[in-house]
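Two complexes come next, and they have one chain in common, chain A, joined by chain B in the first and chain C in the second.
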Partner chain A sequence: MGGLSRLVAVAANTFRETVRERVLYNLVFFAILMTLSGLLLGQLSIRQDEKVLKDIGLAAMDFFGTLIAIFIGVGLVSKEIERRSLYPLLAKPLSRGEFFLGKFAGLVFTLLVNIAVMTLGLYATLLATGRGADPGLLAAIYPIFLGLVLVVAFAMLFSTLTSSALASVLTVGVVLAGRFSDVVRNMREVLPAVPTWVVDGLSAVIPNFRNFDFKDRVTYGDPVPGDVLLWVTVYAAVYVTIVLGLGLASFRSRDFQ
Partner chain B sequence: MAEPSPLLTRGLSKSYRVGHIRQSLHPALIDLDLEVRRGEILGYVGPNGSGKTTTLKLLTGLLKPDGGEAWVFGQPLESRAWRHRMGYLPEHPYLYDYLTPSEYLDYAGRLFSLPAPVRRKRARELLALVGLERSTRVPMRRFSKGMVQRVGLAQALINDPELLLLDEPMSGLDPLGRRLVRHLILDQRKAGKTVLFSTHILSDAETLCDRVAVLRAGRLVQVGALGEMLRPDVAHMEVLVEGPGSGLPEIEGEMRREAVGDRTRLEVDEKALARVIVAVDAAGGRVLSVQPVRQSLEEHFFQEMGGDDGGGNSWEG
Partner chain C sequence: MTRPLAVLLLLLVPVVPWSQSKIDERAGIFRAQEEVLYLWSGEQVRNLFPGFEDLAADVYWLRTVQYFGGQRVYSRKKDFALLRPLVEITTTLDPRLEIAYRYGAVFLSELPPTGAGRPHEGIEILEKGTRAMPESWRLRQYLGFFYFLYLGDARRAAAVLEEAAELPGAAFWLRTLAADLLARGGDRAASRQMWQRMFDQSEEGILRENARVQLAILDSRDRADQITEAVQKFERRHGRRPHRLEELRRSGLWRGPLEDLNGVPFHYDASRGRVSISRESPLWRPEPPAAGG
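Coming up: the complex of A and B.
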């Protein structure tokens, strides 16, 4: 029970940090700005205005959400290590596992609040411009959120292994490779010198972030079946568990010099 | 059955890897055998880089030892139960600058599972104790280094610990702050608590400690009561004289003479004191004060260690 309350304390403080550092506010502001831009573009289009608006809204959510996930995932964890603010905390009854998982929970909650605010912004824009509040959008937003949770897990893993600069580069690398996983798989066609085991290894290790992309499907009005969403959830859960487990093992074993 | 020592280490060792391409091991702490007794203030002294911070980080679990063992209140280091009875102030603490001191102490209290009313009460009391009662709602990003150090001390006391580990607690503090910390440490002893504090400022150790443990290049070279370590006999007498100026002749047993404004400060052998007073009087001067000078901790270590550890590390008086 004590362990859970300590984990919650770390999570709550992490969320408070993201709010106080005002980074979220700026990015939410930008997301709303993108949605408003979508509104203007929608007025210029003929018949496609609702689809364009949804497209831009979901793309902005994905883009800004990913930026936030990388920024806070790397920034807040590296800062704790580099500035040594965790020293007095880890000398208390707080275990390293509780700290690491509490940090993760706080970051995930931040992403949840962020994506919830953006979702409300998108629905408000749709309603304000006389279009319906399509609940089907949630079938695209939920997988986006799962993808962001996975990005945060990778960012935390890299933050425990290396400097914040390199951790950012590695996280961005994984996100890009995961979003263009077909390019990775077809790498040998472009670069035949690359050994097969490298391509196979990368394909096996890097998650396919396209699995979380239902934006086109939803904006065209195609429903996303529940079992597909369930499969995506399991896919994300397995990856997050593995990546977070590696991060936790690294965090537990490291010396804080 | 006797209660176990608050802190006991046997053969505690730690090395760091240095270098990038060709890595080698640099021993930071070598076979530390140390016992901290209940209710004492133990000064952990040594030049910069002698292994003081490494020891405290090993004891708080921030570093993992390469060898040896340690027990806190009789429990092995790996056990977490003793952490409820310990408080720790790291060297140059960085606390979350987006929080106010009250919020930070509340957070620290939550990690000890203290109930909310207790946390609020403790935070109020501790911030008053460290002289920050008027800054409880100011974000710490506006704090000076000394103010952060004071909050650091307050968080180390949030759980009313029986054992306090303080790493350079006077660092970054102004004279008032240093006096406050000195009183705070002495008050802890008065309340029956045990304090281990590291410092490279020997005068702090000399003022506060029941015993000192001296570390040099990662090895414990001496541990004991100051009275045992320092020679109790008077090294020389310091005499402050007014009046005679250059008219004062050289006196047998005089070791050093120095003009201080219109006064003269003499360092003389204890046995020559009577002769000095007579000579000053004969020259028309006046003896303002006579002070016996005993060997200080600093002088002791300069003598014992040649004033330097050979690695460019330095002491501060």
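Coming up: the complex of A and C.
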């Protein structure tokens, strides 16, 4: 059995494990419920029903996807450690890298399935209300997914460093900071005493989750240029690689004796 | 122990709807909620929802619509105190939500009890909209209309309509309307044209209904003016004014209805010989700021 097939086996197992999580069903249920609530809210909005439906559907994907990524992501490795189920696994011909990346791939696949389910739910709701299945929405959904992959990477990094509770807090902190990245960039306008290198350093380190937000553009029917999506993909891929690399290094260096 | 508890619970269950019915009896089934706004700045709200500004804008827009409806129908005070901040927050969160500018301006500008009666604030909202969406000729058209219809400023209205006419896709009639306003300083025909345009452009709902009412007001004023002319004819013929409007009918000088378009009898001021819409009528409005009404 090659390294890749072992990694895929861990990923498949992680997928099976995560889809059994009750929290996942709860979150997906609420996401779909929220999308359906758009039907009612849209009617109260004076001719803005389609926009409200799209706004709510996309926000639900983003918000609940982030919650899934954080709360399942932090448990992927730490649970195995806490339940001591990691030791027999590592005693098998399975490297720590294969285990770690397999876990990551498994959760990313779970998120992909969730996003697909929520997307189908949104399109079904739009069609049921006589609206077109606007393919332009995918230009916002794809970057949302990339953002979620980055959140999983951070959740896994922190879970190798500390307890799952603290890892959740740290991941939420990074996500919030990343969503306020424009505030960080313009920090000197409010706090001129802060040295430039601090602002530049923070801007470089904190992931810019604003990069993954095209919800506003697509709900107004504005096109998202392909090259922008390409650069967002490159940004996400590089960031995920760095964060996963750090997580892997931390996981490899841990002493499980 | 379990059985008495179950009996007690069963006995208590019907008390809930009963007590609710008592509350409704005392306070009325539909009550205007005491609205509270904890955050008054759109920027503050924006900072609370990073990445979810559009959703927050939708929520605030729904609040605006509900607040406006609640105040208009159920509130006794009808001061619409939170209307401006709600519209401001909505449009700060989503500067491209065109409907919020249009409806917000109408809600703010219309006279009580229909709206807040603060046309300057309505115009400020539209000005904010034209800054946020400089390419929208429709918003600029509204701004021009509002300058004339609510402030009676025909010159300013004409200038804004000229600007709107320059924008891509603008309606061809904007330039003619601007020229008419400048040439005649604005009259009832210009008002009618503007309300008719707003009626035609509006979606079914409150904005269209408002335009329909405004057109009915203008038609009723026309009818009142025609009856006033008949009163003057009567005076010339008989050397006195009629005591009551029915005398016009008997004299054959007026064969049409003596009510406004809502079926409410006109008010007749026999001392001045002037006919106008009755204050009892839903179509009554104070005299317009210019010759526009």
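Here, the second predicted complex is superposed on the first by the 242 of 257 C-alpha atoms of A that agree within 3 Å, B and C clash if a C-alpha of one lies under 4 Å from a C-alpha of the other, contacts with A are read in each partner's own complex, and residues count from 1 in each chain.
What we mean here is this: contacts are C-beta pairs under 8 Å (C-beta built on N, C-alpha and C of every residue); 3 or more make two chains touch, one makes a residue touch a chain.
Keep in mind the model is a prediction, meaning the values are calculated, not measured.
Q: Could you check whether chain B and chain C clash or fit when both are placed on chain A?
A: When both complexes are placed onto chain A, chain B and chain C end up side by side without any clash.
Q: Looking at A:179, would you say it contacts chain B, chain C, both, or neither? Reply first, second, both or neither.
A: Touch partner of A:179: chain C, not chain B.
Q: I'd like to know which partner A:17 touches here: chain B for first, chain C for second, both or neither.
A: After superposition on chain A, A:17 lies in contact with chain B alone.
Q: State whether A:63 touches chain B only (first), chain C only (second), both chains, or neither.
A: second
Q: Which partner does A:55 contact after superposing on A: first (chain B), second (chain C), both, neither?
A: Touch partner of A:55: chain C, not chain B.
Q: Could you give the angle made at the Cα centre of chain A by the lines to the Cα centres of chain B and chain C, to the nearest 10°?
A: In the superposed arrangement it comes to 150 degrees.
Q: May I ask you to decide whether A:5 touches chain B, chain C, both, or neither, giving the answer as first, second, both or neither?
A: Touch partner of A:5: chain B, not chain C.
Q: Would you check which partner chain A:213 touches, where first means chain B only, second means chain C only, and both and neither mean what they say?
A: second
Q: Between chain B and chain C, what is the shortest CA distance in the superposition, whole Å?
A: It is 31 Å, taken between the nearest C-alpha atoms.
Q: Once the two structures are fitted together, what part of chain A is touched by chain B and by chain C alike?
A: In chain A, nothing is touched by chain B and also by chain C.
Q: Which part of chain A faces chain B closely enough to touch in the complex?
A: 2, 5-6, 9, 13, 16-17, 20-21, 83-85, 87-95, 253, 255-257
Q: Which of the residues in chain B end up touching chain A in this complex?
A: Touch residues, chain B against chain A: 16, 57, 60-64, 80, 83-84, 86, 88-90, 92-96, 98-99, 107-108, 110-113, 152, 155-156, 159, 165.
Q: Residue numbers of chain A touching chain C in their complex, please.
A: Checking each residue of chain A against chain C gives 41, 44-48, 51-52, 55-56, 59, 62-63, 176, 179-180, 183, 209-210, 213, 215-216, 219-220.
Q: For chain C, which residues count as touching chain A in their complex?
A: Per the touch definition, chain C meets chain A at residues 47, 50-55, 57-58, 61-62, 65-66, 94, 96-97, 99, 103, 203, 205-206.
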